[in-house]
Amino acid sequence: MRVGVFGASGYVGGELLRLLLRHPKVEVKVATSNTYAGEFIHRVHPNLRGVTNLKFVVSDLKAVVNNCDLLFMATPHGVSSSLVPQILETGIKVIDASADFRLKNPSDYERWYGWKHKSTELLEKAVYGLPEIHREEIRKAQLVAVPGCMAAAGILALAPIIKWGSVEKDRIVADFKVGSSGAGGKPSISTHHSEHYSVVRAYKPVGHRHTAEIEQELSALSGEKVTIAMSAHAVNMVRGILATCHVFVKEPVSIVDLWRLYREFYAGEPFIRFVRDRKGVFRFPDPKVVVGSNYCDIGFEIDDNVNRVVVLSAIDNLMKGVAGTAVQDMNLMCNWDEKEGLHDIGLHPV
Amino acid sequence: MRVGVFGASGYVGGELLRLLLRHPKVEVKVATSNTYAGEFIHRVHPNLRGVTNLKFVVSDLKAVVNNCDLLFMATPHGVSSSLVPQILETGIKVIDASADFRLKNPSDYERWYGWKHKSTELLEKAVYGLPEIHREEIRKAQLVAVPGCMAAAGILALAPIIKWGSVEKDRIVADFKVGSSGAGGKPSISTHHSEHYSVVRAYKPVGHRHTAEIEQELSALSGEKVTIAMSAHAVNMVRGILATCHVFVKEPVSIVDLWRLYREFYAGEPFIRFVRDRKGVFRFPDPKVVVGSNYCDIGFEIDDNVNRVVVLSAIDNLMKGVAGTAVQDMNLMCNWDEKEGLHDIGLHPV
Amino acid sequence: MRVGVFGASGYVGGELLRLLLRHPKVEVKVATSNTYAGEFIHRVHPNLRGVTNLKFVVSDLKAVVNNCDLLFMATPHGVSSSLVPQILETGIKVIDASADFRLKNPSDYERWYGWKHKSTELLEKAVYGLPEIHREEIRKAQLVAVPGCMAAAGILALAPIIKWGSVEKDRIVADFKVGSSGAGGKPSISTHHSEHYSVVRAYKPVGHRHTAEIEQELSALSGEKVTIAMSAHAVNMVRGILATCHVFVKEPVSIVDLWRLYREFYAGEPFIRFVRDRKGVFRFPDPKVVVGSNYCDIGFEIDDNVNRVVVLSAIDNLMKGVAGTAVQDMNLMCNWDEKEGLHDIGLHPV
Amino acid sequence: MRVGVFGASGYVGGELLRLLLRHPKVEVKVATSNTYAGEFIHRVHPNLRGVTNLKFVVSDLKAVVNNCDLLFMATPHGVSSSLVPQILETGIKVIDASADFRLKNPSDYERWYGWKHKSTELLEKAVYGLPEIHREEIRKAQLVAVPGCMAAAGILALAPIIKWGSVEKDRIVADFKVGSSGAGGKPSISTHHSEHYSVVRAYKPVGHRHTAEIEQELSALSGEKVTIAMSAHAVNMVRGILATCHVFVKEPVSIVDLWRLYREFYAGEPFIRFVRDRKGVFRFPDPKVVVGSNYCDIGFEIDDNVNRVVVLSAIDNLMKGVAGTAVQDMNLMCNWDEKEGLHDIGLHPV
C-alpha cells in the first residue's frame, strides 16, 4: 500500500517514517515538509541515514493525494481540519496525529483550543483512534484521530477502574511527567538544553488540553460525567510519559480485585503489559523501559491510609503516544495483523 | 563555637561540612565516619579539596562530646535514638538529621518505620525543626529534629492553605519528584547510573514514611485530622524535590486570595520565595533553580474545571531539605542571624 | 539452532537475549546466572517482560552443552579461558564476549591484564571477531573472540588510514568518550547516579587494556608496529562510544582522498555508515544516533593547521560494541544473512 | 565601586550579575539588554529572584558610561571592538568577555574569525586576562580581554609543561568536552534538549577559534612556535569543560618531575588545585566537581607505552571560563583581594 506523511520533518513525522519504512505492507511514497523540501530525510532524522534515500517534498496536497492510498497527518493543531475534508473526498484514508478530530463536541475546541472548528460535520464521523477502546470502529473508519500522548496514557490507566465505577469521579488526579520530545522539534527557551536539563517544570499545572479528551472518553465509558484534575510536568528525559493517577475509591478494593479488573478489561491486548512486582527495582511502570516500543505498561497500588488507588501507566510518547498507535490504527483499518511493524521491544539499559 | 558532624561521609554529612566550613561563627572540630576513618575528607567529598585538611575519625562518642558544643547527627534512621540521650546529658545541643525524633506519637514509629522507639520520653522534648512553623521553640531547644526532605517541601507548600481551612482535608494528593541524591551515597541497582538515567520511577507510590510527618504537622496547624495521599517518584537529576500538591477546595478561592494567604503566612521569611509569573519559562517553582541554595520556592494555580488548587514547592533536598535547614536551626538555637552561612543563591543555568 | 548465553544477567547478556529472542533462526534454550537462578529474566532485564517466560538457570556447563549448538560467553574476564577448552571438545561453537581470546601474544595477557593465560594453545585458533577485518576467518571459526567495545570503535575508525600508511604510526591519539553501560550492571560509587550524572571522568587516561587489541590489529594491517595513545572518559549517557582519533599525516591528504580510502576499504559493509555533511547538526558521527542499532558511523575532517586528520567513529557499545557484533559473528559462522536479527535502526530523538 | 554589565541577558551576563550582586566592594548600577529592557532580571535569570530588583535597560552607551567606573562587556564577538574605544576615552575600565581583544596579531582575526579588526591599535594595549599568566599586567590594565573558556582550560593545563620545554610542540592534541551553556542562551536545533541530551557531538573537530589564543599564549611562554591540534565536543551536561591534553615528550619524565613542575609554576595560586590521587573515584579533574566555583583543577598521568603525558584540566566554563576570571581580573585591577566574591566551592553531589 502507498502511504504518505504530511508534515514529516517533526518528531512525530520522523517516528512515523521510522516505522513505515520497515513496515512490510507499505511503501512510503511521499514525506512533505515545506521547510526542508529538497533535502534528504536523514538531514533532519539522522537515524534514517542509509535506511532511505527519500527526500522531503513541498506539501502539495494534489500530488500527495495522487500518490497515496493512506495519509498520515503530522501537522500542527488547526491545520488538518481545513485539509482533511478535501482529502477524504478522494477516498483516501486519513490518520490524523493532530488534535483536530479528537473531540466530539465542537464547543470543546473553543473552550480548550481557543478556535472554532471548521469541519464540525466530520467530528462525528472521525473515530478516536485508541484501539483498546474503539477497535471495531477503527477497523471501519476512513478518518481516525490519534489520541493525544498524555490522553492515551491517562485513558489506558483509568479506563478499567472507571468502568468498574465505585470511585469518586470528580476527585481523580492525573499527574503527568513528560520527556522533552513531547514539546516537538522546534527550539525554544523552555526546551533549550541548558534550561531543560535537570528540570522538573510544572509547565501546565492546570488547564492542559488533553483533559478534554480524557474526560470525553472516560465519561463515555462511565456513563456519568468524569472530571480529571490534570497537571503536566516536563522532566529530564527525551522520550516517555508516566501518568500517576490518584483515584479515591468509594468501597474497599483489594489488589486481587484490581488485577482481575485490569486483566479482564485488557484481555488479549497485544500492547498492554502489567507491571506490579513485589520486589526488585522494576516493580512499577517506568517510561525508560518502553522507549522505542509500542507498549503501555500499567501498574497499581492501594493506599490504605486514604482509600486511594494509585494507577501508573508508562508509554513512549512518540510510539504508543502517537506514531505507534497511528500504525496500529492503520493495521486495523487495513485488516492486517495489528502488531505488524510494531515488534520493537525496549532497550535495557538506555 | 565548636561543632561536629556524626556520620559525615554521607551526602547529608558532606553538605553540612560544606556549609559549616564556611560558616563564620563555627569551627568544625570533628567529622566521623567509621568507613573512611583516617582518610582526608576530600576523598569522599571532592568539592572540599583545598578547602579543608580535616580527616574523618571513628565515631567515638566520648571524643566527639569533649570537642563539640553542638553536634549534628547524620546517621541512618534508628541510630541516633540510642545515642542522643547520653549526648544530651552532657549539655551539648543536638541537631538530628535522621527521623528518630521527628514524630511525637511513639506508635507512629511502629506503624511507619517498623521499630519500637527506645527514647520515647525525648519525643516530646524534641522540636520539629522547621523554622517557618516552629521558630520560637527551636530557639529554646536542646534537641531539634530536622524534617524529612519531602516533608519539608510538602508542609511548606500546604501549611498556609491548610491553616485557611476550607479544603477537603482527606482528599489532598501530594505527588513528589525527587533527585537521586535523596537516596543517599550508597550504591545500589536502583541508583546505578544506567538504571537511573532517564528514569521516572514511582519508587514509593503509597506508604512513604514522610506521610507521617506531614500529617502530624498539618493536623496540628489545622486542629483537625489531615490526611495526605503521598506518592514519590525518582527522576533524572541529582538534587531537588518538586512537590505538586493537589487540593480540592470547599469554597471558591481566587488567585488574589491565595497570594494574600501565602504572603501573610510567610511574611518576613528569609528563605521562602514566591514564584508565580504570568509569562516566561520560569513561571512556577522548579528545583533546578534552587540547587545549592536554602530557598523554598512556592507557587500555585487554580483549576476551575475541578475546584482544585495546585500548590507547588521546590527545594534542594540537601539544603532546605536537610543540611540548610539544620544550619538555619543552629543559627536560631545560638541566637545568630538566621541566614548566617546560608547566603548561596542558585546557579543559572546548571 | 539452539543457543545459550552463559552469564546472562549482565548488560551484555541482556542485550544478547534481546537480539536472540527475536532472531528468526535461533532458539534460546538456556540463560545462566548463578545470582538470579530461578528468577524470570524480566526481573533483571525489564524490557523483556512479556517477550519471554524464560528463567535464569545456574551455570552448569554440562547442562548447557547438552542443550546448545552455539554458546555465547558473557562472563567476566578470566572465566572463559578455563571453560572454553572443554566446551570446544564437544563440538559446540563458542562466541566469547570477554577478553580471554582476543590477544594473540600470551605475554600481552600478563602485561595488560595481569594474569597468565591458561589456554594459550587456543589463542592462535581463536578468531578476532571483527567482521570488517576478519570476515572469512570468522566464517570458518569454532571459537570467536568478540572485540572490546572501544577496540571495535578504534579499529574501525583507523583501519583504512593505517592501511593507506602515510601517517605517524607512533603519534596516534585515540580519545574515547563512553556511556555508563560500558561499566556493566554492578553498582559502585563511580557509577552511582549522583556521582556519574554530568560527569566527564577520565577514568583511564593511560593504560587502558583495549590498547593491546587495537595495536595488535592495526599493526597486523600495517605490517609495522602501530602504537596508540589511548585515553578513556566516562560521560553522562548510558549507551555509546565516540572515538576521536587524532592522526598526524606524513603527506598532504584531501577530503576526496579520505572519502576514497574509506569507501574502498568498507565497500559493501552492511553496518558501516559514513557521516560527514557540510551543514546541519548531524554532520559527524554521534553515538546518540546509533543507540540500539548495529551501525558504526564513521566521519573525518582535515586540520590544515597541524597536518592532522581527525577520524571519528560512533557505536552503541552494547551493540556493535559487543552483542550486535557477536550476533553478526554467529550469522557468519552459520552461513546466514549477515544482517539477520540486526535490522534495528536508531531512534530520533532519544 | 559602580559597575555595569553590557549585554546582561546572556549566560555570561547572568553569571557576572550573580557574582557582582554579592561582591562586597561593588554596586551593580546597570545591566543592559535590548531584548529584555524593562523586564526584571529574574525573568531571564531565575536564580536572582529575590536577590535583586534591578531591571534590564537598553544598551545606551552614554547612560552606562555615566553610571559606572568599570564595565563588563558580555556582548557577541565583533560588538565590543567598535564600542570599547569610546568607552576607554572616558577613563572607565573595561573587562571584555568577548574575543575582540584577545589576539595580538590583527591578521589572526581575519584568519580565525573572518572579519577585519577595527581597533587594532588597542590590541597591544589590551591585556590577556588570565591572572596565572599575566597577573602584573592585569593590575595595571585599563582594558582586559577575558580568555575564551576552552582557551583558559587549555592554557592552564599546558603552560607548565610547555615552559619546561622538552615536548614535541607541533604534536600537542587538546581534546575538549564542553557543557551546553558554552553555546549560550539562544535556542537552536543543536542545543534543543531532545537533540543535545546524551550527545557526544564533535561540533568542531578542527578549526576551533580558541586555537589561536592557546597558540598565542603558549608560543609566548615557550619562545618557540607551539601548535595545538584542538577538537571540541559537546556532551550532556550544562556547565563544565574538561581539557584532555596529549603531549609527546622528548625525554623521559617522572610523576615526581611533573608534580614539581606544576607546583612551582602555580605556587600560591588561589584557584589552581591539583587532582591526582592513586585511588578512589575522584582521582583526576572532573568539571562536575568545580561547578559554581572558580577553581581550575589540574591533573596528569604518564603513558609509558607511547612517551606521552596526559594533562587534564577541569573548569566551570561560566566561572573560571569567563565570569569568575573576569571578577578575578577586576579584583586585580582594583587592588582588592584577588579572591573577593569568588569564595563559592563546588557542590557534591550535583
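We call the chains A, B, C and D, going by the order they appear; numbering starts again at 1 in every chain.
Assume a residue touches a chain if its C-beta (ideal position, glycine included) is under 8 Å from a C-beta of that chain, and two chains touch if they have at least 3 such contacts.
Remember, predicted model here, so these are calculated numbers, not experimental data.
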Report summary line: Dup interface of A-C (contact pairs over half shared, numbering-based), picked from B-C, C-D or B-D, is B-D
Report summary line: Two candidates, A-D and A-B; the one with more touching C-beta pairs is A-B
Requested in this report: Please indicate which chain is farthest from chain A, where distance is taken between mean Cα coordinates of the chains.
Outcome: D
Query raised in the report: Hey, how far is the Cα centre of chain A from the one of chain B, in Å?
Result: 38
Requested in this report: With chain centres taken as the means of their Cα atoms, state the distance from chain A to chain D in Å.
Outcome: 45
Report summary line: Note: chain D residues in touch with at least two other chains are 11, 179-181, 185, 189, 194, 197-198, 236-238, 286, 291, 349-350
Query raised in the report: Hey, which residues of chain A end up touching chain D in the complex?
Result: 11, 179-181, 183, 185, 187-189, 191-194, 196-198, 236-238
Report summary line: Residue set of chain D touching chain C in the complex reads 168, 170-171, 173, 175, 177, 179, 189-190, 194-195, 197-203, 205-207, 211, 227-229, 231, 233, 235-238, 240, 242, 244, 246, 248, 281, 284-288, 291, 299, 301-306, 308, 310, 312, 314, 349-350
Requested in this report: Name, in rising order, each residue of chain B that touches chain D in their complex.
Outcome: 11, 14-15, 18, 22, 42-43, 45-51, 180-181, 185, 238-239, 273, 275, 277, 280, 282, 286, 289, 291-293, 295, 297, 343-350
